[in-house]
Each structure stands twice: as C-alpha cells, then as structure tokens.
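Each of the next two complexes has chain A plus one more chain, namely chain B in the first and chain C in the second.
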Partner chain A sequence: MTPPRTRHTGPAGGAGPHALELRDITAGYDRRAPVLRGVSLSLREGEAVGLLGPSGCGKSTLAKVAALLHRPDAGTVHLGGEPARGFRHRAPRAQRTAVGVVFQSPRLAADPRLTLSALIAEPLLATGRKAGAADRTRELARAVGLGPDLLGRRPHEVSDGQLQRACVARALALRPRVLVCDEMTAMLDASTTAALVAVVEDYRARSGAALLAVGHDRTLLERWCDRTVELHGGGTDSALRSAPRAAAGTSAG
Partner chain B sequence: MSTATALGKGGAPRAGRREVRLWTCACVLAVVLAAVLLVPLLHPLDEQAVDMANKLHAPSAAHPFGTDDVGRDVLLRCVYGLRVSLLVGVVAALTATVIGTAVGAAAGAAGGRTDRMVMRVVDVFSSVPHLLLGIFIVAMFRPGVWPVVVSVGLTHWLSTARIVRAEVLSLRSRDFVDAAVSGGASRLRVAVRHLLPGVLPQAGLAAVLMVPHAIWHESALSFLGLGLPTHRASLGNMIQDARGTLLAGDWWPTLFPGLFLIVPTLAIAGLAGVWRERINPRRRSELML
Partner chain C sequence: MSADTLTPETVAGPPAAAHPLLSVRELTVRFRMRGGREVAAVTDVGLDLAPGECLALVGESGCGKSVLASALLGLLPGNAHVSGSAVLRGPGEADGLDLLTADEATLARTVRGRRVGLVPQSPAAHLTPVRTVRSQLAETVRELTGARGEELRAATLTAAGRAAFPADHLDRYPHQLSGGLAQRAATALALVGDAPLLLADEPTTGLDRDLVDRTVDELRAHTDEGRGLLIITHDLAAAERVADRVAVMYAGRIVELAPAPDFFGTPGPRHPYARGLLEALPERSFTPIPGMPPELGDLPAGCAFAPRCDRAADVCATVPQLTGGVACHRPLTAAAGEGPAARREGSRV
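Let's look at the complex of A and B:
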C-alpha cells in the first residue's frame, strides 16, 4: 500500500511570494546549545517540501518554528511575504491560524476530555466562528473519512488512526495557507497513511496551500513531496528529489 | 501484548477489592454523616453541664462509651466533636484548595520569572512547620471555630499549589496545547478549556486528602489548648481532658475520641485512594501506554 502520488504539478511556477520562508533560524531549548544553527528553508505557494533527517537533528523544532509555536533564538519567519510578528500567543491570531499543524502522536495532540467533534470544532470556536461550526465540523469529518458515529466519542475510545484523522480535520478547519505535518504518519498503518496523505493532497489541490512534511520515511516523502530537504546537525542541504533517491538505492544494494 | 494479558489477569481481583474498599469507606462515611447531622436534632447537648455523681463510669448500656471525669457522656460528646471537626476540616480544606489551585495555576501558566518568584515564596512558607505557623495565626484571635479554620486553611495551600503547578507545567508542554495555540485560542481559552479541566481531578483529590489532615490539625491545636474553647465538645479537647484519667487506668475517655478521629479520616482517605486509582489508569491510557 503506497500512498498516491501527488496530483498537482509541482514547483514549476516559481513566481509570487513564498508561502513560508525561514531565514537563518537558530533555535533550541538552551541558548548555549541550539539544536538548529542558521537554517534557511522556503516553500513557494502550493509547494510540498519533505524534511528528512535523523532523530534529534531538529526537524520537529524547525516545524514548530514554522508554525510560530516556538520562538527561535535568531532568524526570521515570513508567512506569505509578511514577517511573523511574534510567536505563540504573541503572534497575531491571523498569522497563527495561517499555518495548520498535525503532530506525530494523536494521543498527545488531542485534549483527552473533548469528543472528536469538539476537537475538530475547537479552532472554529476559539476564533469566534460559532455560527456554522456544526456544519463545517461534519463537512471536515466527512473529508477525513470519520463517520458520524465516531464524532461523539472521546480520544481514548478511538484508534490512533481515527484520532489522527480528527487531528488532520482540526488542522484544516481554518483553511490554512501552509500545512505543517510533523511525522504525521509515523504511528499509522499503510492504508491510513495513504488515506491521510490523500486528504492532505486533496485539500492542497483545492486550496493551493503549501506543505512542509517532516518525517523519517524517505520513500514516502519522496513520493509525496515536490522536493525533499535533508537536515543534519544544524544546516540544510537542499537536494533534488532524484539524487537522494538514487543514493538510497545504492547504499541499500 | 504480554502486558495487556498480565493486566487483564490482575485486573479482576484488584477491581473487586477496590469495590469492597469503596463500599466500606462509603458506608462508614454515610453512618458518620447521618450521626453528625441527626444526633444533635434528637439529643441536644448542654456543653457546660456536668454530672459529678456519674463521673468516670466504664462503658455500659446507659453510656456505651462511658462517662468522662466530670460525668459527661463520651458517645454524645464524640458525635458533637466530630461534627465540629468535620466542619473545620471541610471548610479549611476547601479554603486551602482554592488558594493553592489559584496560586499554582497562575505560577504554572505564567512560567518564567513569575513562576520562580511565587514558588520561592511557597518554599519559604513550607520551611516553617505547619503547626507552628498555625499556632501563630490562631494566637492572634480569640479561641473559636473560625480562627482554627483560617489557620488551617492558610497553612495548607502550599502542597496543593505545588501539585497544581506541576500538573499545569506538564500539561502546558503537551502537543494539544500547541494545537490550540495554532488554532487561534487565546491565553484565557487555553487556561480555561485545556489546563483547568486537567488539574481539577488533582486539585479535588488534594482537597479530599486535605480533609483528614485538617481535622488532625484542628485536634492538635485543641489538644494544645489553642484551638476551640475548652468547654466545646471537640475531639482534640476531649483527648486533652482525658490525659489525667488515662494514667489512672480509665481508658475510655481517650480511646473513643481517638477512634472517632481515626475511623472517619481513614474512610475519607480510603475514598480518596479509590478516586486516585480511577484517575490514574485513565491517565495511563492518555499517555498511550
């Protein structure tokens, strides 16, 4: 079961502002020993970029910086050409919600007290879109393949895959311009992986949103994304899709 | 998979024992509450009355718990004493929990320098023994129920503040808070919708566990002669009064108030224990283990 190939045409356009631009990001959890040093990465509108790298190299930190959830020690983030005006709560709501995030573990990313429908509706309610929230929630649930019988359940009553579907629906609720998927499929089986990648691609085909997909799975990310970027110990090596693929083939054989 | 079967095997008898414990504690507490609420209606107590003709009778049909050194019925005074103790315990525990939750949640949610400063203040207060601080507060007022409540309430919020702060800190770094921030939730919404419901079971448990603790503190203060006025029927006062007679071999004025102190507090602690176990397995499943 391999995920479907991307349907859109890729980065050929090239014109227009970057959907997401990270410039010289130095970030980490201890100022004296940053995980990332001077990393730059940009995503054009509608582009899908896969971010690969070994454990602990700072992929998730970079994803959090991109989603304005972690303040870097140095460097700037631009969203749609506009500089981010802060991080976490200091970022204006419009900028925060312009990036949708899906985390690796749906168990940790779902408030255990909320039902799945409340979980999906949470961004709508938090941003004052109460009117029509119920309809939009049903629409999102249908889009990610969650039946109405599951929507009344709480996280501990559904499987990882079902919960991750709800988390993807939540990330799409506010129609973000950029999606950040941090190891979204690491805990899922092949068919759910394929289904969720299809959901994300379907949304991107309709909305033209950019994607930053973080993961270990080189095969998946190379099939899914327009290009992949390797991150190891502090910097990025941008590479064409074909090159690392061939390298992986030779080292394996 | 092996853990799943191991849990399945061990689960049934453990759940059974928990049921037994739950019902025993609940029954004891129900009896205690009924006695404390109904007996004063049926049997008014003149707290000043003495009956020197009947002093220090051993337990008998007329006086099941005997009489004390001035001829007062020990059973009746025990029930009245427990009534005062429970009142003090519950009100003081609630006061302490509200203060502790507010301080702990504020410190945990604010983080950084505010958190460090608040927790250092908590450390300073914690370094003084509860009882000493309590005595200090009680000494500023005339003896009575409310000074004891204030004293116990003001000295017992520290541990709750610590528990709540730790819980808020651990919740704050969870991905679902990040998801809420990314979904546009304000600070207040994150606190009210995601953090507070997460700490309430812990705060509630701390409150219930605090009740026996507060009761013991009330008794200790009364025993030291600093709590309730000496004529007041309170468990601490009774044990204090009975000190002299115990040495003469009259055990009942000491034993029964002691049991009235121990049994209800054990029942409350037992219920809290069952509650804690109910919180924990759910947390285990939340952490997907």
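Let's look at the complex of A and C:
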C-alpha cells in the first residue's frame, strides 16, 4: 500500500520535466494478481538508472510499461512531461519512437528473415525516413562495430553478440530520448558487454538521453548507472530502494 | 615450425591426474559449408579432466566451445569432420572409449546419460513441455536403471532429491517452474545415470546471480562426490566460483589453460586475450577488447588474436602453440618484480 519513495518532483517541481516518469504503476498479466503494485520511478533528463531485482520481481514488466509495450492496470507514464496516450499499438508514434528498447535475447527480438542492415533500418523505414536511411544505417552499424560483411547476413549467420549489436543500433536509429535496456547483456561475454555499454553511453553523452537499465547483475548496473533502485518481491508490496552510484572500481591486477 | 617437440603433456598443460577421466588430444572440428568453404570451429584442443575436478571452458559466443561439447557427445551435424581423440576412461579401465570414433549406437546406448551426463543450456527447452517433471524423470530412471513399479517410484524421488528438486513440485509441468527449478529438473535428469563425467553447457544463462551461485554450487557438490565436470560458460564469475582450472578458448583454440586461483588472482591471465576478457568485467576496468573475434571460416594466418592484440609483433605471424599453459609468443608475465610465472608446474622446461 505504501507508495514508493522515489524522487517525485513532478513536472512543475523540478528543473524541467522528467525524461520518464512512472507513477503508481500496478501491472501484470492477471488483474487479480498483479506483478507490480503502486511502483513509481522517475528518470531525469540524461540520467541513468539501474533497476535491480530477483527473477520474477516484475522488473521486466516495469521495463515494458516504460517502453509503452505493456498497458498497466493502474498508474500513469509520462515521457518528457507528456502523459502516455496509449500502449502497444495504440501508443502514438511520436511517443513510441521516443523510447528505444533492447531486450535480453536478440534471437527473440529480431526478425529472422531480415539481414542485419534491414533490421537496423526497420524503424527508419517504418516511420517514413527512407531518404537517408542507408547513410544512417551505415553510421549506426559503425557505432556498434558491425562491418559491411556482417550487415548482409541474417540472424542465424551471426553470433548472439553480433546480433545484439544490431539490436542496439536499431534501438538508437530514431534517436530516442529514453533508452530501456532489459537484461541487454545477460547472454553476452564480458568484452561484448563492455563494448555495448560503451556504445549506449557514447550515444547518451551526445544526445542527453536517459537510460533505464534493467538487470540482475549488481556489479554491472552499479558501475554503469548514476544510481540503482531495487525492486523487491512483486505481488504485495513492490518497493523501490535507491542507492547512488558505487565508487568507480579500481582496476584489479 | 617450432623446434620444441611437444609431448601430449605439454600440449594439454599439466596432467590433471595420473588417470584422467577424460583425455582430449588434438581435437579438431571442421565444418564443410556450401561452396567448399571450411569453418575451423575447433582446432587442436588438448585437455585432461580428473575425477573430482572441474574445468571451466570460457570464451565468447562463437569461439567453438559449444561445438567442442557437441563433439564429445557425438552430436555434431553431418557436415562436420572430426579428428583427434577424446578418450573416456573409467576407473581401472585400461583402454577407455574414444568418444570421437564411437558409433552412434554405442553413444546412444552406453554413453549419453550413462557415462556422460549433459546439463543443458536451456533447461526449459530440454524438458518436454507436455509432461510433468515426475513422468520425465521416471522415464529416464526406468531407461537407465530398469527400475519398475514401487522401486521406480522411490528411485524417481531419490533422483529428484539428488539435484535438490523439491518433491512437492514433481507433478508440475516445465512452464510452471521457475528458472532455478527448471535447471534443477534438468540437472536431476543428467544425474540419473550416475555418469562419471558431467558436461554443463552454459548452465546458468538467464539465471539471476543468486541462482547462478546456487546452480554452480550444486554442480560443484556433484563434482566433489568424484565426478568430473566440464562446464562451458561465458560467465567468468560463475567459472571463478566453480572451477579448479580454466581453459580460455579463442577462435577455436585453447589459448590459455591455468589453475583457477592463478587465473583469477595472481599472477592473472598470461594470454593477452584472456587478460582482456577478465579486464572487461565491470568489477575490473570495464574496457572492451577492441574489435570482434575473427570469422571461423576466414581465420587470419598466424595468431588469430593478432589483429586485436596490442602486443602483436612479427613473430605472431606464426600460430603459437599451447606451451606451459599459454598459446602466445609474447605472454604477459606477473607484475614486474616477480619472477616469471613460469617456475610453476607445467611450465616450459
């Protein structure tokens, strides 16, 4: 019942509108037994927040709500101060494209029939940005380290790491104001993880986009994000606990 | 060509024990692709595994480590060409069985499940969705032990208990299980035949950290009962927790084979790739290795890591052999001041 205690200035109270604001979200797959109850979380412009919690706590559901991919049973979502006007296919295009999403499994997220370059270009073409799509695709591919030889391949012809690079490029294609990365690196090795985090951070440094990174790897999220919040046992009282960024780790050696 | 004569011991690193459970020598797997292209999935791998020992095989996805596991189980596709040997030897067994040359009937009847237990990558996919855990476990118990009736019921319960799968969840279907319980159900299946060798292929993918720790601790406990465990993983933290030795694979070859405490602690990895991989961890420098691994169908001549290696030199134009636990012409040494890490067992002499 106790609503969450995360920072909650509201559009009028802070320096400007939040990039993303989730207010009193109750959500799940069965109205009688929601996975989340009354959870609130706000991201300032340019802020990176890590959302931690055990499997089944509802953190992925919250990520889907934030990306307008799942309609909450109650509560509101604001993007750049504007209330979300719909979810899933009912989300207006301008709002849907303001959020870039990357999921854990690139194999589930990527259309197996498309080449990597078509995959990256998909959001550009779907929003009528045909002119310049080829250039933008090349630029995105370069940013995630995919060379021309890989761009012509289909998902089954590349590794998980290479496919996830393409999914990150696709998520950045429309220059989102908010990025939601749900277990983006859970299947990847340490070096690919560090490389993709660097791509996301480079984009954020240039664009000022906010980030919601969802995961179970505390060490990773504490190193990556400005602060982490922890979601405890879904079901009855979803509660968030906030912690500031950990001191940068020193290189072990 | 190197002037050294390489005995199997120097190739494979220090022998794990006088009587290894599994001895892999010069294992090479090639895939023939359309258009005559050849993919060098695994090249010249040598390793030993002793009873009671856990060896972690680590590397990026696509480095060949899963192909190696498939080769040991005789589960490679038809276009694969395998050479070398992988001898599985029971206690007191003189000759052992070469898994690479055994025919499918032998593998199916006497090896998979009985002498090699597979803990699969994706337990949910490994379990049959339309049958309860009890029925799947009972079927495997009956197949491998011949138990029937009341005996079968009891043996099924025992099998579940061995992998700490709770008895009151036995009548559930796979989709009703959490990731951790699905993993235990799959582990229970792998343990039924009491196989002396366990092969775990990315057993912790998709599990959260607590479950990763629990899963590898359970695998470790089964190892401590005298089994050999070969765990294939991209998760270095899991490897550190469970393994006695670590083998790092890059572009189909083992580039470093070291005792886990040396690898994760001091002196640390000696191969530049292995060092880079470890340093990429968020608790270390969180810096990626530049570039991506080469295509296994289009490997550069010489050391396959050279295009990404900041220590590359002319000498790296020839392929470095695994000698003294590292396959590198210019391996890193321990922190300056300490003697070369080589004055250890298994070092070059």
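Keep this in mind: the second predicted complex is superposed on the first by the 219 of 253 C-alpha atoms of A that agree within 3 Å, B and C clash if a C-alpha of one lies under 4 Å from a C-alpha of the other, contacts with A are read in each partner's own complex, and residues count from 1 in each chain.
Here is the rule we go by: a residue touches a chain if its C-beta (ideal position, glycine included) is under 8 Å from a C-beta of that chain, and two chains touch if they have at least 3 such contacts.
Just so it is clear, the structure is predicted and the values come from calculations on it, not from any experiment.
K.L.:
With both complexes overlaid on chain A, does A:122 touch chain B (first), chain C (second), both or neither?
P.N.:
It touches chain B, and chain C stays clear.
K.L.:
Please indicate which partner A:108 is in contact with in the superposed arrangement: first for chain B, second for chain C, both, or neither.
P.N.:
A:108: touches chain B, not chain C.
K.L.:
Check the residue A:170 against both partner chains and state whether it touches chain B (first), chain C (second), both, or neither.
P.N.:
A:170 sits against chain B, while chain C stays out of touch.
K.L.:
Between chain B (first) and chain C (second), which, if any, makes contact with A:99: first, second, both or neither?
P.N.:
It touches chain B, and chain C stays clear.
K.L.:
Mind working out whether A:137 is in touch with chain B, chain C, both or neither, as first, second, both or neither?
P.N.:
In the superposition, A:137 contacts neither chain B nor chain C.
K.L.:
One more residue to check, A:218. First (chain B), second (chain C), both or neither?
P.N.:
It touches chain C, and chain B stays clear.
K.L.:
Quick check on the superposed pair: does A:162 touch chain B, chain C, both, or neither? Answer first, second, both or neither.
P.N.:
After superposing on A, A:162 lies in contact with chain C but is clear of chain B.
K.L.:
For chain A, what residues appear in both contact lists, the one with chain B and the one with chain C?
P.N.:
160
K.L.:
Can you check the complex and tell me which residues of chain B touch chain A?
P.N.:
174-176, 178-187, 189, 193-194, 197-198, 282, 285-288
K.L.:
Can you list the chain C residues touching chain A in their complex?
P.N.:
Going by the criterion above, the answer is residues 59-62, 178-180, 205-211, 234, 236, 268, 276-289, 291-292, 335.
K.L.:
Where on chain A is chain C touching in the complex?
P.N.:
Spelled out, the residues of chain A in touch with chain C are 54-56, 104, 145, 159-162, 186-195, 197-198, 216-220, 222-224, 249, 251-253.
K.L.:
Please name which positions on chain A make contact with chain B in the complex.
P.N.:
Within the complex, chain A contacts chain B at residues 64, 67-69, 88-89, 93, 96-97, 99-101, 103, 105, 107-113, 122-123, 126-127, 155-156, 160, 167, 170-171, 173-174.
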